[in-house]
Amino acid sequence: MTRSELTEKILATKLKKKLTWAMLTDKVGRSKIWSTTALLGQMPLSKEEAERVAGVLELNEEEIALLQVVPNRGTDKVVPVDPTIYRFYELIQVYGQTWKELIHEEFGDGIMSAIDFDMSLERQPDPKGDRVKIVMTGKFLQYKKY
Amino acid sequence: MTRSELTEKILATKLKKKLTWAMLTDKVGRSKIWSTTALLGQMPLSKEEAERVAGVLELNEEEIALLQVVPNRGTDKVVPVDPTIYRFYELIQVYGQTWKELIHEEFGDGIMSAIDFDMSLERQPDPKGDRVKIVMTGKFLQYKKY
Amino acid sequence: MTRSELTEKILATKLKKKLTWAMLTDKVGRSKIWSTTALLGQMPLSKEEAERVAGVLELNEEEIALLQVVPNRGTDKVVPVDPTIYRFYELIQVYGQTWKELIHEEFGDGIMSAIDFDMSLERQPDPKGDRVKIVMTGKFLQYKKY
Amino acid sequence: MTRSELTEKILATKLKKKLTWAMLTDKVGRSKIWSTTALLGQMPLSKEEAERVAGVLELNEEEIALLQVVPNRGTDKVVPVDPTIYRFYELIQVYGQTWKELIHEEFGDGIMSAIDFDMSLERQPDPKGDRVKIVMTGKFLQYKKY
Amino acid sequence: MTRSELTEKILATKLKKKLTWAMLTDKVGRSKIWSTTALLGQMPLSKEEAERVAGVLELNEEEIALLQVVPNRGTDKVVPVDPTIYRFYELIQVYGQTWKELIHEEFGDGIMSAIDFDMSLERQPDPKGDRVKIVMTGKFLQYKKY
Amino acid sequence: MTRSELTEKILATKLKKKLTWAMLTDKVGRSKIWSTTALLGQMPLSKEEAERVAGVLELNEEEIALLQVVPNRGTDKVVPVDPTIYRFYELIQVYGQTWKELIHEEFGDGIMSAIDFDMSLERQPDPKGDRVKIVMTGKFLQYKKY
Amino acid sequence: MTRSELTEKILATKLKKKLTWAMLTDKVGRSKIWSTTALLGQMPLSKEEAERVAGVLELNEEEIALLQVVPNRGTDKVVPVDPTIYRFYELIQVYGQTWKELIHEEFGDGIMSAIDFDMSLERQPDPKGDRVKIVMTGKFLQYKKY
Amino acid sequence: MTRSELTEKILATKLKKKLTWAMLTDKVGRSKIWSTTALLGQMPLSKEEAERVAGVLELNEEEIALLQVVPNRGTDKVVPVDPTIYRFYELIQVYGQTWKELIHEEFGDGIMSAIDFDMSLERQPDPKGDRVKIVMTGKFLQYKKY
Amino acid sequence: MTRSELTEKILATKLKKKLTWAMLTDKVGRSKIWSTTALLGQMPLSKEEAERVAGVLELNEEEIALLQVVPNRGTDKVVPVDPTIYRFYELIQVYGQTWKELIHEEFGDGIMSAIDFDMSLERQPDPKGDRVKIVMTGKFLQYKKY
Amino acid sequence: MTRSELTEKILATKLKKKLTWAMLTDKVGRSKIWSTTALLGQMPLSKEEAERVAGVLELNEEEIALLQVVPNRGTDKVVPVDPTIYRFYELIQVYGQTWKELIHEEFGDGIMSAIDFDMSLERQPDPKGDRVKIVMTGKFLQYKKY
């Protein structure tokens, strides 16, 4: 069994048992975005996290072990075609250079880490239509000179 | 003169006169991220905004007019190679499916708009090393059924 | 079972039972173009719609549930090679910039939504040869300034 | 001078003289969408059309002649990155197979011509926000059997 | 069963029973090039054609029905690598612009239809080595002005 | 001066002097399709051919010499986007495997040469609309066994 | 069974029975490079060749027949990543234009045939380290003028 | 001046002065294939070689120095489209795996070097049509185990 | 069984039996980086090495033989998307030209071999956070002149 | 002036004045690999570093300022074609997964930073042929869980 086959099984069980990511997050015991990402096969769970989620997801020992392996991250899509995901790619096309300029102006030469990184996604009520609010923070990493 | 030639000129003037995006934002009169994006050629300025920024950037009439044209947005890079920008592409690879799942679980079928959208980027002090904090909100747009 | 396997099954049943998209549309209860798109795996059906279409398509409970999941939209083809579909891609190559210019001239800076969007496709009789008539309307979304 | 250099010059003159596509359409004497497409370098103008538009666009003899040459159509972008144009590409990803299915169900095996084709783009008032309305008709071309 | 699986089965039966495209063409009752193309999964057969060919190819009812469905045309290869097919791609690289120029000079603005199209392929005896002779005619389609 | 710059100059002169490919073919003294292809920069002319065409095209000594150099053939487009040229690419997608099968059935293992090759393109009158007729013959080259 | 499945089976049998290409070449009865290429699925064997090799490779009737079919040649790799094969691709990058220049200088306008072509690969002893020696000859094919 | 601009100049001078690669090889004083490759910008010349060729090619001091710089090798074409060069790419598609298998069978795990490598290209007279003969030898490099 | 299926099996056994690469390296008897690379399917093991590792990995005779075959090296990813691997690709983007310049300045025209090559990867303690230390040496190979 | 034009100028001056990277490194005052990388346009120099190097490189004020701007890093080549650089890409193809496995086994889930990173490149004498020795250390960055 590969990790992506396990992800498929998790999605099927979630559908069959009418589970939500919120319910699964409760089992994992971390933030909703991290827990969902992990169950989608992009982050490794700890032994405890994997065992807590195993019951509701009906996982066996091999699957519990597989959840703890550091996965090969990323997808097969160079450019995402699903419209919900594509909009984030569009942000890179439009704002990418701006992020670079403002990070350098504020911090100097370096990057926002995508590893020492956290994120949340929530609903922001708005009379003109509720909004998706995403907050991300990543440690600034300075380019080393040597 | 094309818009990208104008962007090159703006960058050259900014360098020569030791301007910052913060100074230019003061002239434009909008948020720093929007103003920078616009001056980098990804958003059109209003007549007033363009005229306010024209002095410090030493722009002539044709250039002021060009700043007001809706630009052809986006870049030539399918996948960004600059490390500072690439990290955002990496987020799509790792978190893209999560964003999709959580937006659908919270809002139903639809997307976060990249048009009715705003964003900020700021420094978040942190004893373990300051962090880049990015907050973005986009209107949830529901898929129409018909 | 994945959504694309379900689409394959639907197509096989449609062929075996000599169903048409028009017949299936009657069951779904929405427009022909939306109903076909949904059954081809690009839109989620509501519980009621899925149940109404389940009988004629011989779907079981798992399949009915799967029809209600928001799908990963889009195809594997970056450029379509089927001639019937390619002609629409050709329209983008020839008319894309025109659409952009005229939308901006009429509405200002923004886009035609592909989410708050509807479409119809019908036969337009014509003595020189009948024509395919496609009407699409999408809400104009203005770029937010902030 | 190449055709794309001529298009650049037309856009510059349009900007300098504050012309609109509607004004230029009046000179060309055809529909707004066809006239704009032609002036953007995707359709050849007739001698009369080119001469009528030459005055306001300040074109010389060589440029008038160049407007009448059948152009090399299309762009350099395999996938459009400008958001306003991308939405049309997204429609192909989501609706492409539907168009194919419904054209075949209604007409049999064949395509909607992109050559014997016309289109309009207009504003459709709507209390919930005006909509972009696009109507296109293309002659159905039946695959020849031989 | 998908159409490409059916094509694989037809090729296997053809090999096992030592059939030739010429024999299969006799059953289909159309030109050799069209019949071969159809049996390779690129054209739909009529009910009569499919039934006539079913016996020798040992097809069941489902397969006979599948032969009549308009297929998704085209291949997965953007550029063909098989040398026999590649040579035709090479012709486009070398002669493509010439075809365009001469069609426009002779007919005006338009294209040679690939839909209202026929072709033959035959051996042309030649003392210096026999030649492959391909004759294709496609209806000239004039670009509509509107 | 590169060969493609020379092609551009030839096209400009052809437009300015209202020349046709037919007129230029008369000077070159070969078939219309070969002569056009050569003047478009895909075939080398002989010294005599280049000199005969030099007068009407107003070419100098360097340009006459350049016309005789074997050119780097082909274009920058992997897939042609101009609709008139694309239709030929579409033929490869639909008929490529057929050509391969029928060439092998008729001749055995080998290819149709694209080097020992000739072609013509002419108008075929037809009451239902005139047709573009293309005839190509290429020497069959048998794969050598060793 | 497809040809590539047959190749996989041949490789498995070769491994299990500790066969070498040299041994298999003895059965085929042609040069080592051609025989290996054919057994790897890139050349069709004659009936006699296929039957001679069938015993040692434990092939059944269907497989013997399949070996005689002209294969779809080539691979799925646009650029080879295996280092042993990549070096040949590197030669094209470094020497491609040289081959073209020297072939044209020596022979005139044309190509080295890859069809009427033969090759050998052998070990060339060398005190500084043995060398791989590859000799290839291909018929020069002159571009036809017409 | 970049190296590719220098190559262009060399080609122009060669054309103007009716030089051949054979003549230039005499000046360089190495094999014809290496000398041509170097003058095409893929190999650095020694000071002596560069100075010997400078006279006939009318090079100044800067150009003589540039000829001695190790160049950035390779081209912009991932897959060559010129037919004369493409045939070599086709050989990789058809024979690549064979080269790998036979090198490993003869030498063990390793590669044929493309650095410690030499090659010749000559005409091989043949009553059925002269042949291009290419001989290449490259040192076998064994994969190191550690 | 293909080599990549064998790699999958090895990874599954490693997970099930809680093996580490360090333990497996002990069996193989070479450096950790080479042993891991070999078991991941990129290097062939000797008979002895394969047999030593067979017990703990529960391999049968066929699998032991397969481990000794020179593999088709490389992956399907043109650009790696896993963040841990991508960082090495990023080094090429940033430092590639530097490596080239400094190798040429120090050694002359040539390359660092990736075949006569070794590497180690270890932890380097550091009070500011431990570091990954990679040391690689490759034989300098000088370009042959001939 | 863009940064890449400045790099071209630096390379030309270096050639004209027979400078070496070692000499330039002395002016910059950092390691040879960092200094070379910076002068090749991939790292920003400090004011002092830029001024120290300005004399020997004959840079004016604008160029000194430009050297201090954080550059857009990376190249236009998705896969490097220069053989000296390609070998590093080949290492990723062969060793990429190994690096990932061993980093995770030694450090847990995370990456080797390419930002908090240093490297050296030197000659390692060896009786069997000197070797290029590259040592790189990058801080291990642990994936944050949240």
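In order of appearance the chains are A, B, C, D, E, F, G, H, I and J, and numbering begins at 1 in each one.
The rule we apply is simple: a contact is a pair of C-beta atoms (placed from the backbone, for glycine too) under 8 Å apart; a residue touches a chain by one contact, two chains touch by 3 or more.
Note that the structure is a prediction, hence the values are computed from the model and not measured.
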{"item": "Both-way neighbours, i.e. chains that touch subunit I and touch subunit D", "value": "A, B"}
{"item": "Chain pair with the higher count of C-beta pairs in contact (B-D, F-G)", "value": "F-G"}
{"item": "Chain centre separation in whole Å, for subunit I relative to subunit C (CA means)", "value": "47"}
{"item": "Whole-Å separation of chain centres (CA-atom averages), subunit G against subunit J", "value": "41"}
{"item": "Multi-partner residues of subunit H (each touching 2 or more other chains)", "value": "72-75, 78-79, 81-84, 90, 93-94, 100, 104, 110-111, 113-115, 117"}
{"item": "Touching residues on subunit G, where the partner in the complex is subunit I", "value": "8, 12, 15-16, 81-84"}
{"item": "Contact footprint of subunit E on subunit G as seen in their complex", "value": "1-2, 62, 65-66, 69, 72-75, 114-115"}
{"item": "Residues on subunit G engaged by subunit F in the complex (per definition of touch)", "value": "30-31, 34, 43-44, 70, 72, 100, 104, 108-111, 113, 115-118, 141-146"}
{"item": "In the complex, subunit J residues that touch subunit I", "value": "20-22, 32-33, 36-37, 40, 42, 73-75, 78-80, 82-85, 87-107, 110-114, 116-117, 119, 121-124, 126, 128-140"}
{"item": "Contacting residues of subunit C [partner subunit F, same complex]", "value": "79, 81, 83, 86, 90, 93-94"}
